[in-house]
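Note that the chains are named A, B, C and D in the order they appear, and that numbering of residues resets to 1 at the start of each chain.
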Amino acid sequence: MAEPRRTWKQVLSRFLLLDLIKGLLVTFKYQAPKHCYTEQYPLVRPKVAERFRGAPRLNLDPETGESLCIACNLCAIACPEDLITVVEAVREYVDHEGKTKKKRVLVDYTYDTSRCMFCGHCQDVCPTYAIELTQEFELAIYRRKDFVWSWEMLEKGIEQPIYTR
Amino acid sequence: MEEKKDKPTPKGASATKAPPTLPIVELTGDPILNRLRARFPTAVLEAVTVLGMPTLTIAREQIVDVCRFLRDDEEAQFDFLTDLTARHIPEAEKPFQVIYHLYSFPRNVRWRLKVNLAEGEACPSVVSVWSAANWMEREAYDLVGVRFEGHPDLRRLLLPEDWEGHPLRKDYPLEFRYNRWCEKHLNMIAFREGTEYSGRFE
Amino acid sequence: MELFWTIWNHPIVSEYVVRRLPTIVIVLFVILTVAAYLVYAERKVSAFIQARLGPMRVGPYGLLQPLADALKLLSKEDIIPARAERSIFVIAPMISVVASLVVLAVIPFGPGRATITDVNIGVLFILAVSSVGVLGIILGGWASNSKYPLLGALRSSAQMVSYEVAIALALVGPLMFAKTLSMVGLIEAQMTDGVWYVLYQPVAFLIFLVGGLAETNRAPFDLPEAESEIVAGYHTEYSGFRWALYFVAEYTNIVISAAIAATVFLGGWHFPGLTRLAEPGTGLYALLAVLIFAVKVFAIVYCFIWFRWTFPRYRYDQLMSLGWKWLIPAALANILVTGAVLVLAQHLGLVETVRTEAGERLVSLWPWGKLFLIAASLLIGVPIVWILLAVINRRSADFNLRVQRQIRLPERGEEEIFAEV
Amino acid sequence: MHKPEIAITRERLLAAREMVLNMGPQHPSTHGVLRVILKLDGETVIDLDCDIGYLHRGVEKICENRTYVHIEPYFDRLDYVAAVSNDLCYVETVEKIAGIEVPEKAKYIRVILTELQRIASHLLWLGTHAMDIGAVTIFLYAFREREEILKIFENYFGARLTANAFRIGGLQYDIYDGFEEQVRAFCRILPERLKEYETILNENRIWLQRTVGIGILTAEEAKDLGVTGPVLRASGVKWDIRKAFPYEVYDQVEFEIPVGENGDTYDRYLVRMEEMRQSRLIILQCLDKLKKLHPGPVLGKVPKVIRPPVGEVYHSIESPKGELGIYLVSNGTAFPERLRIRPPSLINLQALKKMAIGHLVADVVALIGSIDIVLGEVDR
């Protein structure tokens, strides 16, 4: 393919290093402080989107303070990584009419955050909105075994470090 | 895998009633197929259309000739090998299948070719027809264990050269399988039952 | 003890050691601090260019960052690769750093005591000593017994050798005006003449700037340590304080490069009207002079940083062709043109030679002599050099990259598409 | 692993003209864990071999043991800089074989998000490619624009990178309030930012010297090597799956396919820059059409457990890297029988040998960048 002849304008702009100077001007322009894009992360916490999928949490009923989880095991089934374990038991209880009924209750619930890929399938299938992936995103932990979150931890949430400087 | 009991098993209870099948239509009257059949009378074992994609089963010995014909024929013009892969079907009589997806830029048509292979049979390599087949055949050899005859450089592509087994075979387990490569290269230490993994380099 | 004092009071020792010692200590301290803060400046400027903030964590606005870096580098484990040539591996960074520090001896930071020493072959001294620095890089790359450092060392040796020629030739032009090799003499010559040599010698200044970038391994000529190609080049295997030595050498070289450019082309500490502000010889004058010099140096250093964060990197062969096919012919042509212009000016009586106590000085007469020299350099020198280069390089590949190719799409504006929607 | 053919002994080392250089897997510019074994004469490449597989996770094997819904998050991790495109390909494949209908509105939203992902992927490519050649600043500028896209993704999907974007049969979420404004705001700034990058690079003599005429791939070679995507288009083949086999609503929007002429690194750069502009046009058109559909369903009728009929299907989309195809064999159960991913990066990477031989080490780096590989997809 024949290259097109270059025009006098191109020759002159090359001679005067215009191609380089134009680039230099762009980078020079960006030095103005208003172009700064950095977030000062630990000092200024970013606002995370409402739909963000972060640390898991087992929600409590705001009125009674009991766990919303009905031990249906759907989250464990929906999880592609099989990292949720739901241990359930059948308990007998007497309802307000005096009849004896059987009810599935949650005995234990663990969640392995080290294997979680935060796909959100568990919160999608949960019929009672018990398991939820929250906006918490600081999940780093010093010991590997602590990645497996217990029931208690899932309800309380992870303790957030506060950075001063 | 114990927790998985609630999930539908791969070949479990639902296998008793036959699942529905995609409509498979016999491919007839295609001009290129007719030319192919005229040129290689014994090559095309089966010609069907699945979801609009012509699927041809080709005799093993003639796959390279068929491919070259399809590439060079002025009506077929399959100048592009989109994909080449292999499949393991343990229950079939010929347990290995190599699948080619061809594409023709001028005609904007895709075709699928299949070659069935018996255990231990090698598939003729189509690298001489399309260079694109080079790595795809290496990958098929690596993961499914189909050997390709006439491949210029048939080494494993993804796994280490001295790995044992071919992972995409159905008899290859999903769980970790101890093999010599791991012993040699990963410096593995057997943990006793109940060892705590602290995650610290202590 | 008496022997000590005898030596101490010996005229040679007192002249070359005792009197210079405070300046040496101050200059070393200042330059090493400046080198450290140059890293900070580089990080900050690059950050601003890239719409970032740069170091902000250590101290206010990250001002203590160099200190933290130095502490970290000092406390790091000292690693020598197992198959490395131990002694050379250890010596190599020292050669580099010593070579760059020795050059500081003749850099005129200011009038009188502010300059360590004024050697009458200052320019030659700088050229000679700074080439020793390459040795440190080559040896370090070779002694690492690793492939990437070796490649980096080879690249840097080729690069520095070829660009040194261009730099030396570019310096000849100003020397023809100044008629001296002494660095202080160069500044005094520009003071007597009243015009900085950048106006008489724009081509030489450009060549020197490009050569200086290449000589100090700065982008777009940072091939010896091109991180995306050969990892870290010659210092791939270095870590901890040895690596810091290379780093110090590199940044000191930048300062030196900029200082030479400021001295030779921008009049050193000279600034029009400076003598009116302060009497020459007073402390205030010296202080102002040093400040002016520092400002000039930092303007050039800023340009170095600015270029680095704007331009892509040259390739090895392109770098060589730039050096040998563009800069060296240009420098040679510049010498010829300058000589011719000077001879012409003398014939026309536009310049005259003044005898001062330091030697002969060339002074162009106001206004026609100065105007003639400036106009000659711009209107005769630049076109001649350009035509020569165009003729030399008319067959080379990069010269013929005349295109700015475009993807050809059907001519349809955005408005048209949306009109249909 | 590959063993260099030259056994390194002192005598042979001294006698040999060639040097075997091991580039990667830990190297600043091999875009992950690609290992390229170069045989050099001086700095000229005389032979080259890629050793891949350091990131092999056996995704195809995993997929054979997961249900169709479970597989989706794994697709985010193939080409992790273009997760949305991967998800689209998988979801469409399953919909095609299971015969699931997707609502019209969901299709438009899918196209908008996929095109945003294409811009994001190309921006990342631009940044890393320019950084490989030495222009570091472009990298941060490109990442700044990419950040705007990731913010949209975070608001929409709830994740920035591995989005788990779509659901079989439609979408998980409807658009959020302010979605349109946010996307339009991004579309407003994009052209001027692209202009800035081009001011720095397009005419820059160093950039031209580094890219023009480097790694030329003719149209014939490109087709023979199975190269797809921008690399193929830069070689002068006007082929884009969005036009050839329109999926979603690409047949209802107008856009051009930028095509190069010479098939060198510079043309690949130009093609990708133009593709970003075209993607922006697609997004704007889709936003206009989405307005008319706005209150509407986004998820079609999907069975609780997806058991596609027995059969096989091949479906491919134009991912930012090239043709991303999935060959899916179903056996009628909830688990796929065989799921083969045709990774564009892997097959484009094959062309590296053809391109690189005869060039210098520095060009190999530029070429790896210009092919635009992601090792998550190459190794799977």
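Heads up, the rule we're going with is that a residue touches a chain if its C-beta (ideal position, glycine included) is under 8 Å from a C-beta of that chain, and two chains touch if they have at least 3 such contacts.
These numbers were taken from a predicted model, which means no experiment stands behind them.
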*More contacting C-beta pairs: A-C or A-D?*
A-D
*Counting only C-alpha atoms to place each centre, which chain is farthest from subunit C?*
B
*By C-alpha centroids, what is the most central chain here?*
D
*What is the distance in Å between the mean C-alpha positions of subunit A and subunit B?*
37
*In whole angstrom, how far does the Cα centroid of subunit B sit from the Cα centroid of subunit C?*
61
*Averaging only over C-alpha atoms, locate the centres of subunit A and subunit D and give their separation in whole Å.*
24
*Distance between the centres, which are taken as Cα means, of subunit C and subunit A, whole angstrom*: 50
*Of all the residues in subunit C, which ones touch at least 2 other chains?*
49-52, 309-311, 403-404
_For subunit A, residues that touch 2 or more chains besides their own_ = 20, 23, 26-27, 30, 37
*asked:* Give the residues of subunit B touching no fewer than two other chains, as numbers and ranges.
replied: 7
*Taking the complex as given, what residues does subunit D use to touch subunit B?*
1-2, 52-53, 56, 58, 60-62, 64-65, 67, 96-97, 223-227, 237, 239, 244-245, 305, 307, 309-314, 316, 323, 325, 327, 329, 331-335, 338, 340, 342, 346-347, 349-350, 379-380
_subunit D partner contacts - residues on subunit B that touch it in the complex_ = 7-8, 10-12, 14-15, 18-22, 24, 50-51, 53, 55, 79-83, 85, 87, 99, 101, 105, 108, 110, 112, 130-136, 139, 143, 155-161, 167-168, 172, 174
*Would you tell me which residues of subunit A are touching subunit C in their complex?*
3-6, 10, 15, 20, 23-24, 26-28, 30-31, 33, 35-38, 40, 165
*How about subunit C: which of its residues touch subunit D in the complex?*
46, 49-52, 147-148, 151, 219-220, 222-223, 226-231, 309-318, 397-398, 401, 403-410, 412, 414, 417-418, 420-421
_Which residues of subunit D touch subunit C once you look at their complex with the stated criterion?_
19, 21-22, 27-29, 43, 130-137, 140-141, 144, 200-210, 212-213, 254, 256, 258-262, 266-267, 270-271, 273-274, 281, 284-285, 288-289, 360-363, 365
